[in-house]
Each structure stands twice: as structure tokens, then as C-alpha cells.
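The two complexes that follow have chain A in common; it is paired with chain B in the first and with chain C in the second.
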Partner chain A sequence: MSALGGPKQTGGIQPPTGTGLVVSIVLIIIALALAFFLVQMAGLIALIGIIIGGVLIGFGVHFVPVGGAPAAMGQAPGIATGVAMLAAGAGLAGLFGGAWAVPLGIPVALAGGAVGGGLLMAITCTMVNVIYVFGMGIPAASGKVAKDPITGDTFPEYKSQGTEGHGLPFISWVGGVIGGALGGFGGTLIYIELLEVYQAQLPALLGATVEQIAPVAVSLAGIFAIGMFLMNAVLAAYNITGTIEGPHDPKFKRFPRAVIAAAAASAVAGIFAIALSGLLGVF
Partner chain B sequence: MEEIVFGIGITALAGALATVAGAAEDTESDIGSQGDPNSQVQLAPQMGYIHRIFNKAIAGEPPAYGLWVALGAGLAWAFMAMHINPILAIVLGSALAVFVQGVYATTAYLGRTASLAKFGQPVYIDILKSMTTVTMAHAFIAIFATVAMCHLMISALGHPFPLPLLGLVWGIALGAAGSATGNPFYGKERQYQEQKFGAGVPISASGNIVRYAEAGQRNSLDNGFFSAKLGGPASGVCFGLIVFFELWRTVVFEPFAAGWGAVVIGVVVILVFAVIDRYIEVWARKTFGPYTVPEEASS
Partner chain C sequence: MSVKIEVGAGGIPHNQILIYGLVGSIVLTYLTYLNTITQTQYFAFFGGLAAVAALIWGTDTIKHLCSYGLGTGVPSAGMIALGSGVIAALVGATTGIFAPIVAVIVAAIIGAVAGVLANHVVRMDIPVMIVSLIELAIVGAMTVLGLAAMVGGTFNFTDLVTGTTTFLGFTIQSYEASVIGGSIIAVIFMLAAIAIQHSFNACLGPGEKQDRTLMLAAECGFLSMIPVAIISFAFIAFIPAIISLVISVVGWFYTYAQYIELSKRDAYAWLDAKPILEPKGGA
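Let's turn to the complex of A and B:
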């Protein structure tokens, strides 16, 4: 039983249900068919990119060590904030860097997005430990594993009585950086795919040059990328239910469910984003 | 060369603005109990501990700051489109956004506290009057500094995003950095000040927050005073470092290797922070040692 009380936490693998799997696949196929029908091959490729980006975000959120309210009282390890919000902060910082680097080519932009997200998490996680150690005098201790898989540090003897652990062990730090990097990469990929679609369609639709529509295309792609980021991060947060310590947490094994949900949700949201300019033309 | 020097200057200025924003954001959220410790402020009356702590949390810090900064940035952007001087436009936009924050804080405090009526928790009108304005003042500094930083990124460094969108991105990042760094200090070190130093708060103590100050009952201004000593500045350093390194690696190293220079330097900075983090972790284990059960105080 959890020391925090409440219902027993089911940490093991929870495979997706058959119905969920079938519905998700059908939704993805319908969205891909619509993308091909509306914007031909470019739309299909863009939607596949969006789905991959969404899956990376949903998967990446599982790496981010989040302790929520118990972490703010030193009752549980992790960062004292919400899962979706912290991942969004990191991913959007990555999107900031990625979007900036788009003129230098897609590989540089994607790598820049990943590094931007990882950088935010690296600094944030370090500062969390600074506060725990120098502000509160508390060393890091995991509540889920007895030994850090990377450094080999043991935790049970450092854990305060009546808590589930506290602080940010090194494995959680590494998880945070990986999660931030995946989020930044995924968010930037969605942005780039949408930007390409809008840059191809909007000039003809609005009767303007590519340079003239650039602010509209960048704004639309940016706001859709942020929206899809939040959607996938929240989906993953529901899958995690509350707190997670990082890749060593048993809850991490739940990720297949979130990956499928993120793929289906990204496909449905993506088709609306791709078809937007077509809809604008109709009205 | 001149362009790079100019870029470094803007980077330093943006980093400084971010540091101020982070410090103001965390202090504001702690006075309003907006971070995760709000759960304890809300729980306390249910456990029989009536208090005079302000509690305006109805959303996490990242979405709340995403809203306020995007609002401030959007209004500033609109004023600039009306050919108003950018500095004045940013001040006006931030001031208007702060009024939204004030309305939010008022309704949140009244709503959250009124829901505790059945546990005997009163709604203190004097608390509402004195705390709301203080959070608004801190929120203004945070919003103004962040919007000004976003404006610099666009006008001086040439980021493609429009100002409101950049405001949303950095507003959410500001809330994430501030809540991650500042929350434990406010939650554990202030709300549970009478618990043992150097150990987590036992779950059995939940809700038993400190309610009395040196003279009379503690209120959230005392908490702001406490947070401003470490939690606030640390949040400021956190957000300042994020903004500085993100801009610095791009401005200085993007011209190298067709943009890969910025990526490589970003990875190097991450590795440097890994070493710092590991050093702090090992230092804490060696210096503080394993947990020992505190001996009962003999009176």
C-alpha cells in the first residue's frame, strides 16, 4: 500500500484494450485518408510527421520526474509541479529554439528543439536539487527503487520517516532531460510539418507571396504546435495519474497506452490543422 | 562581429529580465499559495486548523502565467500596432493583464475559502484587500519583465514568432521554472517550519501548517517575506539561466557548422549541469548522512 494512503497504485504494465486499439487505428486511418484526399501526398506526409511528433511528446512526458503537491512538502521525490505543465514548459522552450532554427534546415531545427527542451529540464532539475540540498538540507532519495540504476547510490537509509522519498535522484535528472528533449523534438516536428503545409497553401488562398503570408503561417503553425503539445502532455498525464519518478518508476511501463492515445489524438487534431486552410477557402 | 556583440548584450539583458521575472513570479505565487502547497492551505481548515493564509490557486502557475503573459504581450502588440512607443506599450499591456490577475485572485480566494465554510474557515476581507494588491504588484513585475524579454527576442534577435505567441511560450516556461524551484521551499520550509529541518514532512503531519507568527497570526505577507530570501531568487536564477543559455548558444554559436554549433554547445551545457547536479547530490549525501530518527525533545 502507498504510504500516502488512497487507492493502491497499479504500477505494472497496463496494456491497451482491444477496443481502444481498434478505434485508435480506425481513427488514424480515416485521418490519413482525409489528409491524402484534401492535400494529396504533402498532406499525408505532414500528418505522419504530426503523429510521430505527438507520439514523441506523449512518450517523453513519462520520463519527466513529477512529484506534484507531495514533492512540495518533501513527501515524495520529483519536481513539485504538474506533469503536463512541466513537460509543456520544457517542450515549448524547445519549440522556441526549433522554430528559430528552421531556416537552417530541418535536422538542425529538430536537434535545436530537442536540445532546447533538454536544457530547460537540465537547469530546472539542478535548481530543484539546489533548493532541496542548500535550502532544506534534504538529500535525494527515491521511493520506488532501492538503488539508483545509473550511479548505484542506495536510497532507503536516506529516506525520511513517514515519506515516500524526496529530492531528485540522478536517474530522475536524466529522465527529465530525456523527456524535455523528446518533447522539444516532437513539438518542433509538428511545427515544421504544419508550417510547410501553410506555406504551400496560404499564398494561393490569400493571393499573396510566401513572404507576405509568413507571419500568418508561423503564427498558425506555432499556436497549433502549442495546442497539440498540451493535448498530448495532458493525455500522458492522465495515463500517469499523479506522480512519476522517471524511467525507473514502475508506472513508466504504462507508456504503450499513452503512445496509442497520443497517435490517435494527434491524427484527429492534425487533420483539423491541415484542413484549416481548405476550410478557409470554402468560407 | 559587431552583430554578435550586440546579440550577446541583448542575451545578457534578456537573462537579467528573466531573473527578475522568475523571482517576482515565485514570490507572487507563494503569497497567493498558488503552487502545489495550496493543497495544504486548503486542507488545513478541514483538519481543524483555521488560518489567515491567502489562497488564490485555481490553476497551476504555468497556465496562469501563460495566460497573463500572453495577455500582456497581446495587448502590448496591439498598442505597438497603434504606433505607441514599445516601452509604454509593454507597460500598458502588462498593467491591463495585471487587472485580470487581480480579478482572478479575488474570485479564486473568495471561491476557495467560501467552500471551506462548513469547516468554520472565515473569509477575511482584510486579507483579500491587503494580499491581492501585493500579488498584483509582484505579478506586474513578472509580466512586464517577461513581455519586455519577449519583445527583445523579436525586435533585436529576430525570432519569427509574433509577440503574443512568444508570451504564451515563455509565460508557461516561467511558471514551470518558478513552481518547480520555488514550491518545495515554500511548501516544506515555510508552511511546515516547525517540522524538523533536513527531513521531509511526514505524511501524518499533513494539514498542520504553521499559523502563528512572531506576533499574532501569520498571513501571506510573512510568507512572501520568507520566500523572497531563497525560493524567489533561486527561481529567478533558474529562469534566468534557461533564457540566457537558450539565447546565448543560438546567438553566438549558430553561425558555426551551419547551425550545428548551437546544438553542440547546448549538449555541452546540459553535460555541465549534469556534473553540477551530481556534485550537489554526492555532497548532500556525504555532508548530511543517512536519515536518523529525531530524539524526542525533553522539556
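Let's turn to the complex of A and C:
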């Protein structure tokens, strides 16, 4: 049993199948109806927030320049690791950035999340280029486009033969920061929505004040936000299949598939997270 | 990343491992319920053994799935497994005695949704995708539930969110000093994720042998059990925690020795490196 084929490498983008689209829409509607039935309007708003957060994560992952193993050898542009790892790093940094700011209000917390995720990616991309340029001695050159859309730098003269490009061009740096900011924003949004649901529900169920259950509510919302973040990030990674250079990469056009998948996955995972407090009252 | 992933043929059929892993992890998780029946905490270590059983099964599933070539790293499969599994495990834990069964059902639902989305929306078109993601979500859920039961001595949600602290000689109930309130679940999440994604990632390639990979999976499971056993000193009595620690260390030592033995069997040759001795009288 060796490599058995895998995804068909056909030209262009395969659109989602009809079954897939119908299943996604039905799942989202069922989840929204259940949320309304279980926790009334607050649950519905929370689930919509979770779905928006999930979609932002799935969309944001496509901006991040992922190079994988070839990038580590200087044979492809991007950061030398996998999509799931990079997205998890940016998302968790954003989540930590946003979670501490929740007492200061939702806008500050969301901004904190976006800045946290974006900052992590900015530092990562800068240091990656420092290592590429001063450590490995290779210039930044994209293999997918001839000119940087922002700076207008040309690439073909600098691209080594037999490689897909190397280093981290400015457009990829900008993409990484945008992706990190979107991921951090989405992760923080999921966290805040779940935290509000638990802070409203748990005190009555456990017979304690909001301050007393705060550690439980924060811990549950945090771990569920991480769980949903990783689900959405991995689905987006499967959509990219391997490496992407950033928003200028032709693979970026695949993002609608990941957006649909992230919306449905977040809806299903979110309804279970919201229903947790409901189940606790039954048993 | 176009690294060809090769897996070895032969060994125990996957379905057999599936049945052993599923039944084994459920039965072993239920054995921790002896704590509640006998009003002791001596049976907490069964939770860790349940996690090891689930991890062995999960590693074989990852091997099965990744032999198709995901296009992204092997660890992504472990990330989505734990991301969906942790939600299922905590939702399951709220249902008291039914926890392991409910966790399996919820995990199967989330995994099936992720699988359908991956195949029909993101268009991975991998035949085993849906089944594999269902299995992986169940593995993630059973690992988290098992390790949580090992730390807290129980898989009951109400007991996992309440702990006791001694303050000026008085024992008071506190939500902060609990497995979930103290965010121990986040540590368990990461320990389990590292354990599930490492083994196949380390062993893949030409000459991969099933028994060696699965032995490494068991080794990783016991290695994750050791910190969990140390954390459990804070939540369960001294003697039961010592029992957990001894079983983890003995299990890790045995599986590690066996893994080295199997690695030497499969290696072409090896060198037992010895430290260079200083010549007498100085050099």
C-alpha cells in the first residue's frame, strides 16, 4: 500500500458538489434553529457570531504564505511550516491577545485579537525573511507572479532555476499580516460569544455567582474556541493542499469552498458547545 | 509539499484495530467509574490507559488516511481530531454515567460533518476521508475524556468543574481549583494532540512497519500520561496519584525499550555510540 493517488490534480478549481452545498445549508439552518430553541435569541446571536468567526478563520488562512518543507530548503516561497501550525500559532496569539481585553468591551477585545494575530504573523514573516536573506543568502522572489502587486518589484531575474521561487516577497508579508489579523479576530469572536452564553447559563445551573463560575466559563469558552479554530484551519489547509504564497497566488481563488466548509463546521461544532449548558441541566 | 508518503503493507487489519481501540477505550474509561462506586480514587489510571488504547487506534487511522496524500502535513489530521474531539468530550462529560457513549456519538456526528465538508465542499475526494475523520474525532474525544478522568478521578462534568482548596484550615469549594476551571483541559488537549500526530509523522517512509509505528504511538501515549499523572497530584489523593505515575513510567519505559528494539530490527545497521573515554593521565 503506497501512495494511492489522492486528490485529483486537474486544472482549474473544482466547485463544491451539489450534495455538499445542500448538506452545508441544511446543517447551518438546523443548527440555527436548535440554537434558537435551546437558548432563544441569545443562542441564535451567539451561533451567528460563531459562524462569522469560523468563516473569518477559514478565509484568513488563505492569506498566510505557507511554504512547507520545500520552503525550508529554499525551493519555494513562504514560511517553512504547514498551514495548520501557522494558523494555530496566529490564531492562539490572537485569542490570547483578545481574551484578556474582554472586560474592556467587545470592540477592544476584537481589536486586541486582530492585533495579536497580525503581530505574531508580522514578527514571524520578518524573522523568516531575515533568516532567508542573511542566513541562507537567498533573495525574495515569487514564482507565481512576475511583479509584486504592491511594490512593483520584478521577480524573474532573481528566481533560481528549478525552484518555484524563494524567500518572502512583500506581498506575502502583507498577506501574512492580514491572515493573522483575520484569524485572531475570528478566534476572539468565537471566544466572546461562547463566554457570554456560559456566563448567562452556568450561574443558575451550578448555583453560584458569575464571579465564582468565571474560571469555568473562561476555560470552556477558550478550549472550544481553540477546538473550532483548529477544525476551520485544517479544513482551509485541505482546501489549499500544501503551499500558498498569499493573496496573489492563483490558489487563493479557491477560498469560497473553505468559507462554505468553515461556516457549516462552525455551526455544527458551535451548536454542541452552546448545548453543553442545556445538557448539564438535564442529567 | 509534494513529499511522497509511503506506508508499509501487512500487519493487523485496520478494522480489527478499530474494534479493539473503540471497545478498549470505552471499557477502560468506564473502569474509572469504579472510583464513584467504591468511593475511592485508585482507579483513575484506567483513564490514561483508555487514552493509550485510543491513540494506538488513532495512529493506525492516520496511517490509513495519510497514505492517500493529503497535500498538507500529517499533523493536520491530529489537529482536526483533537479540535473536534475536545468539543465532543466535554459535551459528553455533562451526561454523567453515559459520558463515554455520548462523547463517541457526538464525536461521530462532528467527524462525519467535517468529513462530508472535506470531500464534497473542499473536494478532497478521498474515499476513506469521511470514515477516517469520524474515527479521528472519536479518538480525540476518548483521549481527552480518558486523560481528564485520569486527572480528576472521574469523567462527570460537575465534579470536573468543582475542586476544593484549603484556606486557613477550612476546606472550601472552589471552581478555580478544578480540572476544567484550572484550564488543565487545555494542557490535556495539547498533550493528546502531540501524542496523536507524532507517531506516524516520525515513522512514515519506505520500510514503515505497523508494529513499530503503533509501538511508538503507545510510547507517546504513556509519555503524555506522565505529566498528566503529575498534574493529578493536585486533584486526587496522594496514593492514587502515585499509582498513576508508576503505571505511566513503567508503561513508558517498557514501550520505549520495545520501540528501540523494533527500530533496531528494521534498521539496516546501527552504531551503539559510546562516550569517548579520556585517556589516563590526561591527553
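Note that the second predicted complex is superposed on the first by the 269 of 283 C-alpha atoms of A that agree within 3 Å, B and C clash if a C-alpha of one lies under 4 Å from a C-alpha of the other, contacts with A are read in each partner's own complex, and residues count from 1 in each chain.
One rule holds in what follows: contacts are C-beta pairs under 8 Å (C-beta built on N, C-alpha and C of every residue); 3 or more make two chains touch, one makes a residue touch a chain.
Nothing here was measured: the structure is a model prediction, and the numbers come from that model.
Q: Clash or fit: how do chain B and chain C relate after the overlay on chain A?
A: Verdict on chain A: clash between chain B and chain C.
Q: Figure out whether A:68 sits in contact with chain B (first) or chain C (second), or with both, or with neither.
A: both
Q: Would you check which partner chain A:137 touches, where first means chain B only, second means chain C only, and both and neither mean what they say?
A: first
Q: So, A:30: does it touch chain B (first), chain C (second), both, or neither?
A: In the superposed model, A:30 contacts neither chain B nor chain C.
Q: Between chain B (first) and chain C (second), which, if any, makes contact with A:116: first, second, both or neither?
A: first
Q: May I ask you to decide whether A:219 touches chain B, chain C, both, or neither, giving the answer as first, second, both or neither?
A: both
Q: What is the contact status of A:228 with respect to chain B (first) and chain C (second): first, second, both, or neither?
A: second
Q: Would you sort A:88 into first (chain B), second (chain C), both or neither based on which partner it touches?
A: Both partners, chain B and chain C.
Q: Between chain B and chain C, whom does A:99 touch in the aligned arrangement: first, second, both, or neither?
A: Only chain B is touched by A:99; chain C is not.
Q: If you stack the two complexes on chain A, which partner ends up touching A:265: first (chain B), second (chain C), both, or neither?
A: second
Q: For chain C, which of the listed stretches 97-105, 187-195 or 241-249 runs into chain B?
A: The superposed arrangement places chain C into chain B at 187-195.
Q: Please write out, lowest number first, the residues of chain A touched by both chain B and chain C across the two complexes.
A: Residues 3-5, 68-70, 82, 85, 88, 214-215, 218-219, 222-223, 226, which sit in both footprints.
Q: For a test of understanding, state which residues of chain B touch chain A in their complex under the given definition.
A: 35-40, 60-63, 159-162, 165-166, 168-170, 172-173, 175-177, 179-189, 191-192, 197-206, 230-231, 234-235, 237-238, 241-242, 245-246, 249-250, 254, 258-260, 262-263, 266-267, 269-270, 273-274, 276-278, 280-281, 283-285, 288, 290-291, 293
Q: Hey, which residues of chain A end up touching chain C in the complex?
A: Counting only chain A, the residues touching chain C are 1-8, 14-17, 19-21, 23-24, 27, 68-70, 82-85, 88, 206, 208, 212-216, 218-220, 222-224, 226-231, 233-235, 237-243, 257-258, 260-261, 264-265, 268-269, 272-273, 275-276, 279-280, 282-283.
Q: What residues of chain A sit close enough to touch chain B in their complex?
A: 3-5, 68-75, 79-82, 85-86, 88-90, 92-93, 95-97, 99-102, 104-105, 108, 111-112, 115-116, 118-120, 122-141, 151, 153, 157-170, 173-174, 177, 214-215, 218-219, 222-223, 226
Q: Can you name the residues of chain C that touch chain A in the complex?
A: 1-9, 67-73, 75-77, 79-80, 82-88, 90-91, 94-96, 98, 106, 109-110, 113-114, 116-126, 157-158, 161-162, 175-176, 178, 180-183, 185-186, 189
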